[in-house]
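Following this line, the structures themselves.
Shared between the two complexes below is chain A, which pairs with chain B and chain C, respectively.
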Partner chain A sequence: MHDTLTAQRPSAASMSAPAIVKPLPAASRFILQGSAAVMAAAAAALALPDTKLACRASAHGERAILWLGPYERLVIGGEAEGAELTRLLAAALVDLPHSLVEVTDRQIAFEVTGPHAAELLNSACPLDLDLSQFPVGMCTRTILAKAEIVLWRTAPETFRLEVWRSFSAYVVGLLEEAGRA
Partner chain B sequence: MTSVYRTKDGGRIQRGKPLRFTFDGRALQGVEGDTLASALLANGIHLVGRSFKYHRPRGILSAGADEPNALVGVRRDAARYTPNLRATQVELYDGLEAESQNRWPSLALDTGALNGLISPFIPAGFYYKTFMWPRKAWDSLYEPFIRAAAGLGRAPTQADPDRYLNRYAHCDVLIAGAGPAGLSAALTAARSGARVILCDEQSEFGGSLLAETSATIEGLPAQVWLQEAIAELAGNPRVVLLPRTTAFGYFAHNLIGLNQRVTDHLAVPSAEQPRERLWQVRAKEVILCAGALERPLVFPGNDRPGILLADSARTYLNRYGVRPGKRVVIITAHDGAYRAALDLHAAGVEIAAIADVRATADGPAPQAARQAGLPIRLRTTITGTRGGLRVEGVSLAAMDGGPSQSVACDAVLMSGGFTPSVHLFSQSRGKLDWDPAAQSFVPGRSAERERSAGASRGLFGLAEVLADGAAAGADAVAAAGLTPPAPRRLEASGIDLGTDGFLGALPGAGAPGAKAFVDWQNDVTAKDLLLATREGFRSIEHIKRYTTTGMATDQGKTSNMNALGVVSEALGTPIPAVGLTTFRMPYTPVTFGSLAATSRGVLFDPVRTTPIHDWAAAQGAVFEDVGLWKRARYFPRGGEDMDAAVARECLAVRSGVGVFDATTLGKIEVVGPDAAKFMNRLYVNAWTKLAPGRSRYGVLLRDDGFIFDDGVVGRVAEDRFHVTTTTGGAPRVLAMMEDYLQTEWPDLNVWLTSTTEQWAVIAVQGPQARQVLEGLVEGIDLSAEALPHMSLTEGKICGVPTRLFRMSFTGELGFEVNVPTSHGRAVWEAIWAAGQPHGMVAYGTETMHVLRAEKGYIIVGQETDGTVTPDDAGLSWAIGRTKADYVGKRSLAREAMNAPDRKQLVGLYTQNPSVVIEEGSQVVADARQQIPMRPIGHVSSSYMSATLGRSIALALVSGGRARMGQTLFVPTADGEVAVTVTSPVFYDQEGVRVNA
Partner chain C sequence: MLLITCPYCGPRPELEFAYGGQAHIARPQQPADLNDDAWAEHLYMRDNAKGAHAERWRHTHGCARFFNAVRDTGSDRILATYETGTPRPAAGDLVGGAA
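== the complex of A and B ==
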C-alpha cells in the first residue's frame, strides 16, 4: 500500500526529480533605504513599478527592486550597469534623505528550479512556499538553516537566492545534501 | 511456513514471500508484512527480553507503540545498530538481525534474575534507602553496581553512516493517526480543498480497521472501504500521506514534530535515501486521532511470557495471521476480549476460560460468546500464574475470594478496557477532563487550534468514530477559513463493545509473595505503589518519582492509569484528586540523527572563508576559527613551528613589509544627513569635527559603561561613515545600532548597511609598505602629507576601485586596501608580487596579535571581558569630553567606575626575559602569602617578542598605572614568576614609525 502511495506522492517520501541549483550571472546590487518618497522616486528613475506591497519584487529585464522592509529595498541590475544605476538613483534622490550603498560583491545569486524547488528549499527554510502563500514575485529575507538569504520567487518553479558570499559554500552544500534523496 | 501458530489464510501478510531473520543468532522465518513481534509469535516465541530491575523473563505484551517488554536491538552492520526498538514496531525484512537485551549470559539463563530472589530487599525507593549507608560502600560497591545495572541496550560504537534530512511543511489541517477517525477527518478536509497532511506511525494506514474482519462501512467490508479511502486521498494533490511517521511532539503554535522512517523497513536501503526525515509541520488546524491503548490487568504473576493484551492478540490473528497460543485463558473487564475470543475460537484456538471480573456481561460480544459455547466465568479473577519461560497455567478464583481452580493454558489474554491516547493533546497544554462514566481522562479545553476525534476522546463505536472524524474534519476546515463539504453520513456496522474497564489492582495483588505488575518496563508492582502510600506519599508526581512507575521510555502508556487506580484506592481519594503526571514528548523515542538532520560534519555550521583563503591554504597557512570564519593564523615555512614562523613574520613586518588578510573585520556603512549625529550619540568619540577623508579609532560601550566593541571609523563623506568592527562583533554591533536607531532615535535620518562582505581588506604593513603600493595605485597620493596616519582616500588599485585607509594595527607605516570582494584575490596577488622585491611576508592572526601587543593595542574580548571601562583600558583619550551624551556616559560618571583601585591595563616584563607567562594567569602582590592568595589582577596577553628579544605581557592590575616599576608575582604550577610593571606600550612609545 505505502509503496504505491509514495510512488504517487514523490513529495512525501522521496525527491525523485531533484530541483536544480545553479549560480546566476554576476549582477550589480544596492541597498536603498529611506522614506516612501525615496522608494517612489527610485522606482520611477529605474522605470519600474513602485513595490508598495510588503515582500514583493518588481522587475523588468535585469533590473529589479525587492522590498526588504518598509524603508529598505534591494536594487538589482545587470553586471555592467552599476555605475548607471548609481547615477540614475543619485540624480532622482538628490533632494531626499536616503542611503544608497553598493553591495554588488557582498552576495552571490543562485537559482533553484524544478518541480521540487519549493520542497528542496523547505528542507532548510521554514517558510510556507506553497504557490498560494508565496506567489511569483514574492521576496523576503529568510533563513536557510543557519544562513540568512533573500528568497525571491521568479516563476512558479523557480526561486532566486541572494546569499552572502562567505555563506555560499554552506548554502550550496546544504541544498546538495538535501537534494540527494 | 509450516508453523502451527500461523493461520492458513487471512490477514495482510504475504505468505508466498518468506523472509529470513535471526533472533539472538537463531535462524527463523517470517513473511512479508510481519513485524518482528508477529514473526516471533508465528514461531511460537513469546520470550523476548528480561525485565529491567528483576531480570524476569518477559514476552510480547502488545502489538504497537505501547509495548513495554519486547525491546530489542536491531543490527544491520557494525555502525548500524539500534537498541531499544519495540519489536512490535520493527517491520521484518529479509536478513534482519535482532537480539534481546538486558540478559547475561543468555535470554533463557540470566544471572541478573538473582535480583528477583533478593527483591524483598530492593523495594520501591530502594535507591534512596540502602545506598545511604555505610558511606564508604558508595564508591566501591553501590555506585559501580547501579551504573552497571542502569540503562538498557547498548549504544553503537561507530559514527552513524546514515543520512537524515529535515523538511519544513505547512498545511491547513494536520491529522495525526490514520485509523477510522483520522481517515474520515482527512476525507472531509481533503474534499474541501484544504491542504492536508495525514500521518500514521504504522506501515499501513487503517489503524483498528487493519484487524477488522466483520465490520462494514457504507456497505463495504471495512478493509475494502479503507483501500478506497486511501486511493481517494492519494489522488488528491493537496494531500500528503505519511505512513511510518510518528507525530512525536506538539510544540507551541501548532508546530508538530513528525519522525518519518524512510528506510528502516528495507532489506537494502538505497544509499541516496535518508534513513529518516524530520518534518516540522506548522498546521493551521490539527486533528488528533491517536486512538486508544488497551490496559493490562494487575493480577499476581501477570508478566509471564505468553500473557498479552486481548486486542493485541486479535490484531496478531486478524492482521498477521498468527495465533498467540493453542489454549488460552482470557481475563477481562471489557467486552472487547469476547470479540478476540470469538475470532480466536473461529481460528481454531481453544478458549479454556473467559474470566470476567465484572458481575454481568450482557453486551452483544459476550452473548455471541455464550452462544458459541465459550466457558465464561463472571466475577472471576486470576490469583496466580505458573510457568518459567512461558505461562503454563493460571489459578482462577472468585473476585470475593474462595478456593481457586487451576487451569492449564499456553497464553493468557487480558483486557482492562481502553485508555484514550491523550499524549499529544496533553503535550499541547490542553486541559484533561475526568469522565467518570468512562473512567478515563479525555481531552477538555484546548490550548492550541486542535481537536481530538474518535477513540482518543473516548468514542469507540465504529459509526460514532467515523462520524466524529468527519465532524472534526469539517470543524478544522471551517476554522482554517475554508468551506467544509456538505455533511455525509457514513453508514457503518460494527459490534458495540461498550466502555467498561477496570483501574487499579485486582484482588490478591497485595498478597504475600505476589508480584502483580503495574509498570512492566520499570518493574513496578502494585505492592511498590502501596508501600509508597504507606510511607506517606500522596501526590502521583511524588509516587511516580519514588517508585519510578511510568518513568520508562514507554512513559507508562500501559501503566499510568492502573497506577492511579492503585493509589486512588489505597488513599481513598478519587482519581482526579490524585492527579495525573505530565505527558512529555517524544511520544515514542526519536533518534538523535533525525533531530540533527543535516547539522553534522562540514554542514554543522557555515564555514566562512575570505577570497584570499585558497591562496593562503596553497601557501601552507595554518588556520584558526574566529566565529564562523577561517582565518590564517601563521604561514610556516620549511618545517617551522608556530613560534618560529611568528618570530620570522614579526621581524619581517618591522624591518620590511608584510601583508595580512583583514577581510573578516566587520564593516557597517552608516549613511544619511544625521550620520555624524548618530555616531556621536553612540560611540564615545567626537565625530562632528572629523573631516571627510579622515578616520578615528572608535570605542563603543554598552549602556553600563563597559567596552562593547572597537574599530577604526572612516568618514567617507559628510553623510557617510565606514565603520569597522571586530571580526566576531559585527552582527551584535549592527544589531545594537539598529536597536538604538529604531527605539531611541527614530527621528534621525540615518541608515545602516552591512558591508562586511562587500569589501576584501588587504593590510599592507611595514616601513616599505608605501613602496609596495606606489606602483599599483592610480590617482592616489600615498605620501605622508597627502595621506597621513588615520586618513583614507578613494581611487583605484590594479584598475579596481578602492577605499584605501592609512592605518595601522602593527605600529608600523600601514595601509588597508579595501576592494570589492570579487577582486580581492587578484589585488592580493598583485600586491604580493609587488612586495617580493621588498621581501614581503604574508602574516597571520598570531603575528598580528604579537605586533599589536608590542604597541599596547587592546583586543576586545582579550584585554576586555565586559567589565573594562575605556579608562581601565587606557583609552580615556578617545572620549569626546565635551559631548552632551553617548551610550555609557552616565554609567562612567558613577563613583565606583572611577575608583583608583580598578584594574588598569599595564605591561609586565618577566624578570627572566625568556619566560612567557601563561595567558589568564593571576597576578599577586606577595608570592609568600597563604593559599588561597589574593589576586590583584590577571594576565590578558602574553607573547615572546622577537622584535624586543624578550617576552612581553599585558595585564589588568588593580591600580596598575600607579604601580609602574613595582615587582609583582604570577603564581604558576612551577613556582612564582617575578614580573615588573611597565607601560603597556613596549615598542616605539613615541609613535614615530606609524607616522612615517
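== the complex of A and C ==
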C-alpha cells in the first residue's frame, strides 16, 4: 500500500523542498484504554517511561506510547512485533480492567521533515506548531484540513503523522499541493 | 478562530471541538414515574441565557473527552472550562469576573 502510494506520486513537495513527505515503514499499532494504573503497567511491560503528561509520547527504538487522552494511549511497535506486544500487554494487564484493540492496519504513518515542516503542516492544521508550544516529544490527535490525524513531533524539524488508511491519498495530495506554492 | 481551553490538553483551536448542549442536566432517577410534561421538560426545555451559559463541549479531534464550559452567549467568550462532574465555577472565578 505504502509503496504504490509513493510510486504514484513522485513528491512535488520534495522537489521544491520546503519539507519532504514520505511514508514510514509498516508498524504494529494498538489503542489502549484504561485507568492510570493500566497505563503505568503497560509502560512498564514495554520498558518505556509512563506517559503521565498530557500530549506527550515516550519512545525507545521502534516502540512508542503516545498520550491521546487521559484514559487513552496509542501504542506503536515494529511491524513484526505485533504478537509480542499483545502478549506483553495482555500479561501485564490481566488483572486490570482495560481495553486493548489492535489497529495496525487502520492507519499509515508518514514523516514530514525539513526546515519548513511546521509551516507546511500549518497550511492545513490550526495548531500552534512553534517549538515553544509544540516541543519535541509532543503528540496529539488533531485535524489536517478534513482528515483526523495523530501528529507527533519526533525532532525539531520532523513530524510523524498517523493517518487513517483511507485518508492517506487525501493527506499526501494536500501536503504536496501546499508545498508547491 | 476561537481558542478553547480543554481541561486536559490546554488551549486548542475551536475546529477540534464539538458542541454538546446545555450542561448540568440531571437525568431523572425514575423516568417511569414522570408524567409526559415532566419528561418533556427534561428532554426538550433548555435555558436560553443571554450572558454566561454552562454547556457541554467535546474535544472530538483531540483527547475526545467531554468537558463543561461557561460561555458568554453575547460575546462568545469562553469564561471557564472544567471537567465533567465538577460544579459550575462561581461567577467570581470566571475570566474577567462576573459575566
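Assume the second predicted complex is superposed on the first by the 164 of 181 C-alpha atoms of A that agree within 3 Å, B and C clash if a C-alpha of one lies under 4 Å from a C-alpha of the other, contacts with A are read in each partner's own complex, and residues count from 1 in each chain.
Just so it is clear, contacts are C-beta pairs under 8 Å (C-beta built on N, C-alpha and C of every residue); 3 or more make two chains touch, one makes a residue touch a chain.
All of these numbers come straight from a predicted model, not from anything done at the bench.
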(message) Is A:86 touching anything from chain B or chain C once the two structures are fitted on A? First, second, both or neither.
(response) neither
(request) Counting touched residues of chain A, say whether chain B or chain C comes out ahead. (result) B
(request) Using the touch definition from the top, say if A:69 reaches chain B (first), chain C (second), both or neither. (result) second
(message) Looking at A:34, would you say it contacts chain B, chain C, both, or neither? Reply first, second, both or neither.
(response) first
(request) Considering only the touch criterion stated at the top, classify A:55 as touching first (chain B), second (chain C), both, or neither. (result) second
(message) Going by the contact rule set out at the top, does A:158 touch chain B (first), chain C (second), both, or neither?
(response) neither
(message) For A:126 in the superposed arrangement: first (chain B), second (chain C), both or neither?
(response) both
(message) In the overlaid three-chain picture, which partner chain does A:142 touch, first (chain B) or second (chain C), both, or neither?
(response) second
(request) Enumerate the residues of chain A that count as touching chain B in its complex and touching chain C in the other. (result) 72, 126-127
(request) Sort out for me which residues of chain A touch chain C in the complex. (result) 54-55, 68-70, 72, 126-127, 140-143, 148
(request) Going by the contact rule at the top, pick out the chain C residues touching chain A in the complex. (result) 1, 8-10, 12-13, 15-16, 61-65
(message) Per the contact definition, I'd like the list of chain B residues that touch chain A in the complex.
(response) 163, 165-170, 195, 203-205, 227, 230, 234-235, 240-244, 260, 262, 272-274, 280, 282, 598-599, 602-603, 605-611, 628-629, 669, 671-673, 749-759, 820-823
(request) Under the touch definition given earlier, write down the residues of chain A that touch chain B in their complex. (result) 1-2, 4-5, 8-9, 11-14, 26, 31, 33-34, 71-72, 97-107, 119, 122-128, 130, 133, 145-147, 164-167, 169-170, 173-174, 177-178, 180-181
